[in-house]
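By letter and in written order, the chains are A, B, C and D; residue numbering begins at 1 in each of them.
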Amino acid sequence: MHWRGSSEGGCVPHSAAVFGAAGFTGALAARLLHAHPSFELRTVTARSDVGCRLDDLYPYHRVPLTLEQLDLDRHADVEAAIVAYPHGASAPLVKELVQRGVRVVDLSADFRLRDRATYEEWYREHQAPELLRAAVYGMPELYREQIRAADVVANPGCYPTATILALAPLAREGLIGQVIVDAKSGVSGAGRAATDKTHFVTVDENVSAYGVPRHRHTPEIEQELAALGSAVRITFTPHLLPLDQGELVSCYVTGNGGLDGVDLDQLYVDAYAGEQFVEVVANPPGVRDVRETNFCRVSVHRDARTGRVVVFGAIDNLWKGAASQAVQNLNLMFGLPEGEGIS
Amino acid sequence: MHWRGSSEGGCVPHSAAVFGAAGFTGALAARLLHAHPSFELRTVTARSDVGCRLDDLYPYHRVPLTLEQLDLDRHADVEAAIVAYPHGASAPLVKELVQRGVRVVDLSADFRLRDRATYEEWYREHQAPELLRAAVYGMPELYREQIRAADVVANPGCYPTATILALAPLAREGLIGQVIVDAKSGVSGAGRAATDKTHFVTVDENVSAYGVPRHRHTPEIEQELAALGSAVRITFTPHLLPLDQGELVSCYVTGNGGLDGVDLDQLYVDAYAGEQFVEVVANPPGVRDVRETNFCRVSVHRDARTGRVVVFGAIDNLWKGAASQAVQNLNLMFGLPEGEGIS
Amino acid sequence: MHWRGSSEGGCVPHSAAVFGAAGFTGALAARLLHAHPSFELRTVTARSDVGCRLDDLYPYHRVPLTLEQLDLDRHADVEAAIVAYPHGASAPLVKELVQRGVRVVDLSADFRLRDRATYEEWYREHQAPELLRAAVYGMPELYREQIRAADVVANPGCYPTATILALAPLAREGLIGQVIVDAKSGVSGAGRAATDKTHFVTVDENVSAYGVPRHRHTPEIEQELAALGSAVRITFTPHLLPLDQGELVSCYVTGNGGLDGVDLDQLYVDAYAGEQFVEVVANPPGVRDVRETNFCRVSVHRDARTGRVVVFGAIDNLWKGAASQAVQNLNLMFGLPEGEGIS
Amino acid sequence: MHWRGSSEGGCVPHSAAVFGAAGFTGALAARLLHAHPSFELRTVTARSDVGCRLDDLYPYHRVPLTLEQLDLDRHADVEAAIVAYPHGASAPLVKELVQRGVRVVDLSADFRLRDRATYEEWYREHQAPELLRAAVYGMPELYREQIRAADVVANPGCYPTATILALAPLAREGLIGQVIVDAKSGVSGAGRAATDKTHFVTVDENVSAYGVPRHRHTPEIEQELAALGSAVRITFTPHLLPLDQGELVSCYVTGNGGLDGVDLDQLYVDAYAGEQFVEVVANPPGVRDVRETNFCRVSVHRDARTGRVVVFGAIDNLWKGAASQAVQNLNLMFGLPEGEGIS
């Protein structure tokens, strides 16, 4: 936190909190808000690790705050919150925050699916369905204006972020017939829990698929492709890779007839012409190109032999796939420059 | 080499050579033949590194032989050869070896494509087209009897090995409508050449696609799927991963109508019932499961929501994808137990 | 297990068990005994994971046995056992096995330190001190004859294995004045437990020391250097590296006066002239040179500027540092060729 | 570059160049200067890769400049230069820049050793010995005032940076009797050249020492320890690790008698009390704690059993070990806040 406003004049920074700051995404959100010129991070909470210094848990984030137990009465002055709770546990807290007038970006899946039945089919009974209508899907490239006005923003999942940005230009034109998404993620996407799956020896020199054939990010991607104009059933298969941060989606699109004459490169360049955080590139991107940034790199390729189109999207799953996109959303909600604190 | 035969009686081992033993696959072939009970590895050659000890170049292979310049007159007694030359350079050597009565497994692509025009479209002018008819595609699970009788065996590419084994049961039944293959490979697949692409710093913490949209393994896969009964145009996209050995193919199949009622698990179990080196497993395999082995692990999954089928195939690209499959082929050609020296 | 003896004639294999086969070292011991021509692995036990197939837990070991609860009455015919229990838990089981006439290699530290007080200073109260006198320190290169006759063999720790083999030629000549050991280990050395320390994200792109300044392998190393003729207090500092298997020790020796005229290369070559599993090499070894082998590579270098000597020792911590050395010991105890099943 | 000065008032940024910007350290220096509020990066040169965009070579640095051939006449307005040339090639360029009035930070070794004979013993004939007297060793924590006034600053080597910062508090008190430095480095320290040594397959799952027993950073460390008050001959042994960025030195100190009563923690805390970029910590640091930062983390430990002291120093070899320390030096030379552009 620096004691100056984001624009001219001696404005006071907005007081902010991260609830659930002991996990990978919450801790990174805390780091970004702690260093943000227009927010003052006053509170970080956790369920485990209460009493630990955040800079002991995550030395490289250098956030000199102590993790507290949740106690909303003590944090009455909080204006902006990022909630990094597990799915299901998040909704009740978000609800209470909203009632207290706090504007919230929620990193869980609880408010991403606009249809309650779909949520309950893929997750569990919804804990705050009355908020579903008000929540805005927090992808600035699609919903910038709605985010500015929202009290609750549902931060997209990491895979949906990369996939939707990769496919949006085609979806908006209604060009998608079928799409298969093969995704590759670093281990930080699996979270901080130490399990057999995240043990170094399990992951090292290995690669395998998981969540086959029904990963929970599937309906979120389908929802947004449909909203853009392409109602399709996708096959989405994530794979775990021996790297820490980074996510690549390889999207295989069979057109629906109209795809043949389209100038794909131009379509993509135009689609993202004004976007600060989407880079359209000629060669297939590597996740290293976007490591520790809020960028999504997108690259589109036509396979002339088969008529199919392949689109790649690369992000850092902890940044654009979670924490820095959350800050991007907060910036919009508070009228700040969209890239402040994350550029 | 051990001085005993593969079967009863004091048989003399077959004299063997590896031509092009300085690369990753040739060196591993040398290791396997050096330790093989029924072959005696007499000669290892190289174009660079002549005069180097193989166990200096590859300490972990522990082959105490010196790399020689090629000189077929000096190696007149060789009965069995593995050729690990680059595409194009291989054909002339294979031709000369065959003329001298040596039985050859060729690791290059030069004899994999039965159609000369296809070869020349994807590679270059063929240097020994007269041998194309005689060469047998060296996948024992498909062509075991032909391999036994062959003088020239074209060892399959690493990606085709995993992909064809993953798809063969469906292809043989004519069930494949469309197929998209997303492949992931460790860096040893790129060979020993030190380049920007194989530099540790390029690969580490990274993943990206390459060869988009026309990787040369595409026609080889299409040839074999067609031979099995499914003539399809595939989209094949390999990705480079931060690991050394291992290859995973994720195959996305849209059926052609007949797929719905099929018991996929049974189909696969039956298809590979007698196969020593194909393991049909329930969960998506990791490449670590097959590291440093001649096994291919295959796993088939139906996505009920979309009707698509996902099949995974995992191999070690240097072993089943190259050198140990070459030895498997040599074993067949010389009437030895198929798994000798590679189990 | 193969139904033939280790030598000529139709000998029956020795029945064997691994107690504690769910961990990394126990599981590898099970794999080695399962494939061993002269042992028949009948039993694998575990405390957790009872009822699991070992080839589900460790697909790459391909041991088709089910983990059982310990029940010595059920395993009355066991002749040979490898015990892979935690320190302290091992001693009571070893004691009972010995009473039943089973010959045991123990992978824990419980019988490594000949002096009970030293054990209790660094570990805890000893649970079977009456066996300390009978136990033999299981380093074949130092105690081959005693191992042949032993009923209880204390398999050395991984760091001591590499360090003692690196220093023994100097220690035996009484040439060591001071020695500092800087050790580097892959993550498998930390065991199978999923913790913050073994989480991929903790280890990846990282290196740090641990156990500073009192790692428990210190007294074990000092004991053996003293037994060889150099009673010194060492500084031993291990570091955790982002790799799975492999251990390198860098030993910095200040001589005690007699070191100057010594031909170090000759000293080392002579010291290990007849040893099947110690390789003396000219260049600093990499752990990759010994991966998945029972070899220890040793390389000695004199720093003429300072008069100091640097010796490197490289092993695979799970193999020569644990499971394959245990089998090497069992081979000796049962009169088998020392390298059977581990070459 | 941003068009505002480093302090109040509309100051014009200083024009800057990076000569040799195609390598790892030069490219990072370019990124840091490009984003620096008080410098304007006008020129990046290279010997190979002329005509390439820097953001094609290094997408993640996002520097939209094209690499030019060296032509000092075209860059006559440059005030500040970072030279990232190989040892030996650097001196002539530095000399010419100084003659033209450019203030230079040189990343090579050419001006690090104050004694010409020592340089020529470890490197080669010196190409600009007349500058040796004027050059200042660019470690701000030791030579801050001299750097402010210098025209030529010799940026320290990466290993010396970590080692000298780890040992300076002891050296300054004259407490060091003997010291052994065991260093571990990521592969980026070996530079961008693609060789067998930097091939992914060589490094992955491996660790080994190199430069034994005479690595060229040895005299640089000895020079600075002597300048501080401890003239010792060190044994310095670096090891290559499977990670990209990061360097850890483990320094083993035998005291010279005065060490016993010293409160080491207090000594270190006091020594670095005012230093922005040195963090004294209680636990052995990991290189991940300082990744992509200008920090050096130092931790001191006494081994009561042996009387020895172990000090760890961790840096990012490309940042504090090279490019960001170069910018730190430039900041001092131009009267800017020391941490500007690198915090």
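Everything below uses one rule, namely that a contact is a pair of C-beta atoms (placed from the backbone, for glycine too) under 8 Å apart; a residue touches a chain by one contact, two chains touch by 3 or more.
These figures come from a predicted structure and were not determined experimentally.
A.B. asks: Quick one: which chain's Cα centre is the longest way from chain B's?
C.D. replies: D
A.B. asks: Determine which of the two chain pairs, A-B or A-D, is joined by the larger number of C-beta pairs in contact.
C.D. replies: Output for the comparison: A-B.
A.B. asks: Taking the mean of the C-alpha atoms as each chain's centre, how many Å separate chain A from chain B?
C.D. replies: So the centre of chain A lies 41 Å away from the centre of chain B.
A.B. asks: Please report how many Å separate the Cα centroid of chain A from that of chain C, as a whole number.
C.D. replies: 47
A.B. asks: Once you find the CA centre of chain A and the CA centre of chain D, what distance in Å lies between them?
C.D. replies: Distance between chain centres, rounded to whole Å: 37 Å.
A.B. asks: Pull out every residue in chain A that's touching 2 or more other chains.
C.D. replies: Residues 204-205, 242-244, 285-286, 288, 291 of chain A touch two or more partner chains.
A.B. asks: Can you tell me which positions in chain D touch chain B when the two form their complex?
C.D. replies: My answer: residues 24, 187-188, 192, 194-196, 198-205, 242-244.
A.B. asks: Spell out the residues on chain D that touch chain C in their complex, using ranges where they run on.
C.D. replies: Those residues of chain D that touch chain C are 178, 180, 182, 184, 186, 204-210, 212-214, 218, 233-235, 237, 239, 241-246, 248, 250, 252, 254, 284-288, 291, 301-306, 308, 310, 312, 314.
A.B. asks: Quick one: which bits of chain D touch chain A in the complex? Just the residue numbers, please.
C.D. replies: Per the touch definition, chain D meets chain A at residues 59-60, 204-205, 281, 285-286, 288-293, 297.
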